[in-house]
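Shared between the two complexes below is chain A, which has chain B as its partner in the first and chain C in the second.
Here is the complex of A and B:
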């Protein structure tokens, strides 16, 4: 049985994904909701019925080839910190972490698939890939879904499609989303109109961290809202097109910023680097915002390309539960801030100061590491 | 003689279930069982309720299952989910609820999605199952009609056909 520490020791495959051509798109995620026919949905089922559904689902899921030697637990077996770490890694939902026995999680070794058992629906299956790869992520997950369907009977209606607890997921049961890093659109005050335009065509946009319109770390998630009446392919194609457009806007905004105000960009990235390299106390808000600028620096060639992955991994590792797991103890907010600073300092130890080659007369050298929007 | 947990009469209803690693047991006499609406002896939540250590499920909907339903209101016969529950949680109890509350579903779906009927992936085998069920329903209705009109020869044929169809289980 795979240990929790083994699962978590390595960053997820998607975190170490390497630079993609669309550097603004960090990850693509596909989620499918499925339920068993003839069983009450988990939220309504009595304890015994839930246990029964779990007994059917768990062996079926564990038996999938992709889930060979997977991490598989009933949630009651995990501590609240462990569950929280899984939430921070996007492997289980926040709602699922609140559950205990009668619900489960099966996570593929490289963390590219995870399946929640008895979440809001009997099955919530997910696949994550780095970069803009929704089609690829869907194909992989759909294959897994088709294999499961050989073993268990799904609740399905020819008109309403896959039947789900909440009617907002009916039909395909598909939620496709991408996590985007949009610092230049934020810095140039274009983020509002861009996100509004996305929203207008029926897609949902939200900040990944933070409340309401505020988004820490300039991270945004775009996903489909409608699940019924369009095929998986149609939904995913539209999303990919829109996300790719937003990513291009971001690339253009980066180029424009470097052209209009290179000193401001260099100053922001330089300061972020200085703070992260030398701070001894840093809260998560400050850390996220500086890491965002550092990542931007990596994208536009101020730092080596590997620094982008370093930032993405740090995004996970500086969060509350990850810090607690690292420290092996419950931490006061003050202790958290100092351990966070310590981790950031040590990870960035070998990162040289920004290679800021701005020359106002030399346009050609502005994007030394392929950050040129024409390449996108 | 086992006594009822609530009065000293002879217990006739026994609920024993393993929950959270503990064996829970409730003994009830006929009248106490009826009074408490215990009709389904396999229910865990009933045992919990009777023992007084009823725990609210973390993360689940807050409504609790009702044993009695006010006259006239729609109830899903498979899972006991009521119209009232639907109004509270805006979610459903099981797949069959979508049939029971089809009018409400149609109302809720208005403007929610791009369309009203499914386009996309269909589980293999399930469609086959679905059509078989449809055909069975059809044949059964015909059978009833045949019996009602005393066409026993037709009825016999229909019965045979139903029998054959019923036995061809979808291979799982």
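Here is the complex of A and C:
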């Protein structure tokens, strides 16, 4: 049985996944919702019915080749901190973390697949990849889905498609999304119009932790809203095209900022580095926003390329449950801010001061008379 | 003739003046106001009368032994940037810098004496020393004053004492003041009551540039208000006692902060260092406030003792006129903020990351069950 600590200690595949050509896209995620035919949806199901669904699904999922030696637990076996850590890693949903016995999670060793059992639907399956790889993630998850469909009987209607608890998931049961890092669009005040355009063509934009959450660290999730009346491929292709365009806008904004106002960029990144490297108390919001600027610095060459991975790892590790897991203790908010600062300081020791060339100021008028005539 | 650049390039004696036992007192200053008998005060004098007074005083002052090879100029010979630099060094007053021909300044090589000619009074003589050395500064200036009194005829009334343009200077013509650095009293919210107490006993408290100026960088000037009806020694002794008490309050506040909330202190000093070391755009107010914290860091052992001098030098050098002198050019505010950041970054390169021990958090509750039972 894979230990929780082993799961958490190993870097996720998507993080080690090498640089994508579009550095603004951090991850691509595909989620499929499925239910068992002839079983009440989890929200309506009585305790016994939920247990029955779990008994059918868990061995089927654990038996998938991809899930060999996976991390598999009923949620009652996990502490609330452990469940919260899984939420912070986007491996289970916030709602699922509130559940206990009767619900489960099966997570592939490298965290590229994770499957929630008896969440809102009987099955919520997720595949996650680094960079803009929605098609690849979908293919992998679809294969896993097909294998599972040979073992269990899905609730499927020839007209409506896959049946789901919430009608917004009906049909394909598909949610495809990407996590984007858009600091230059934010810094250059273009983020509003860009996101509005994305919204207008029927895609959803959310903050770091999904629906209704704030955008922190210039991180945005873009996902499909409709799941019905189109094929999975059509949905994914359109989404991939739009995300690619947004990422290109971000790349252009980075180039333009560096051309128009390199001092401002160097200042923001330098200050972020300076504070992260030397603060002794830092809350998660401030840390996220500074790490976002550091990540930008890694992308545009102020820091070596490895720094991007360092930022992504830190973005995870400085979150509340991760800190408590690290400390092996319940932490007061003050203690969290202090330990967070300690972790950030020590991890950034390996990262040298930003390689920012000294700015030349051309907007100076030389004194016509040479300044100090007597010293000439 | 001493060059302006030589005067400015050499560190002032008060800056090289070694650590005082009370690190909160940066400098002590004594100023004496004197006028020539039978000559109109400068504000009332016609052009010819001002020139006449200058002709009497300038050679007399230049002939003082202390003023051998001094820097001596009529103000019309100096550019406005040069005059502003002298203001920023507290060598002439803001009002004096607005004057031109007919007024003068004679400044001792190491800047421990400076004499303004035809300021508000015919003579404004200043002596400046590092640390709390009002008596010493007064003795030195008094000696210089006596020598001058043998050469020129002062306006003196046996009942009123020395006559001055403004009645607030009448009598002794003395203003004694000290520049204090009180960051711990500010951080611990004790500064208000302390300064009120100082005010109540008839002393004045001002910001960095005298009357009506804001306190920046936790710097405060404390000086006598009354100049009449008491001897110079009485005035200075009382002032010295009060300043010493304020400095002791500051020392106590530093010790208490370090005992009560070392993390907060480390955080503030670390952030100040991080920003100064890595910012590319910084205005003078922000720089002053961060340098103030760095100076505190030097005083309480986060940085080597030399860092205090480095801060004091930077406090001078990042000011507007100093920057323009350094650049040899008129600078837009944007260019100033950029060059200021550049100077600060490069000077602080010699200053290593603060030596702040990693904080221990004792306010954590170990998980009673050991956190992750399965990993035990």
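Rule of thumb we're sticking to: the second predicted complex is superposed on the first by the 350 of 376 C-alpha atoms of A that agree within 3 Å, B and C clash if a C-alpha of one lies under 4 Å from a C-alpha of the other, contacts with A are read in each partner's own complex, and residues count from 1 in each chain.
Methods note: a residue touches a chain if its C-beta (ideal position, glycine included) is under 8 Å from a C-beta of that chain, and two chains touch if they have at least 3 such contacts.
Owing to the predicted nature of the structure, the values given are computational and were not obtained by experimental measurement.
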{"item": "Touched partner set for A:229, first chain B, second chain C, both or neither", "value": "first"}
{"item": "First (chain B), second (chain C), both or neither touched by A:260", "value": "neither"}
{"item": "First, second, both or neither for A:69, with chain B first and chain C second", "value": "neither"}
{"item": "First, second, both or neither for A:55, with chain B first and chain C second", "value": "neither"}
{"item": "Of chain B, residues touching chain A in the complex", "value": "17, 19-20, 42-45, 48, 58-61, 65, 78-79, 81, 85, 89-95, 98, 105, 108-109, 112-127, 129-130, 172"}
{"item": "Partner chain A, residues of chain C touching it in the complex", "value": "3-5, 77, 79, 81-82, 263-264, 266-267, 270-271, 273-281, 325, 327-332, 334-335, 338-339, 341-342, 353-354, 356, 358-359, 361, 363-367, 370-372, 374-375"}
{"item": "Residues on chain A engaged by chain B in the complex (per definition of touch)", "value": "35, 37-48, 95-96, 98-101, 120, 142, 145-146, 149-151, 153-163, 165-168, 170-172, 174, 202, 226-234"}
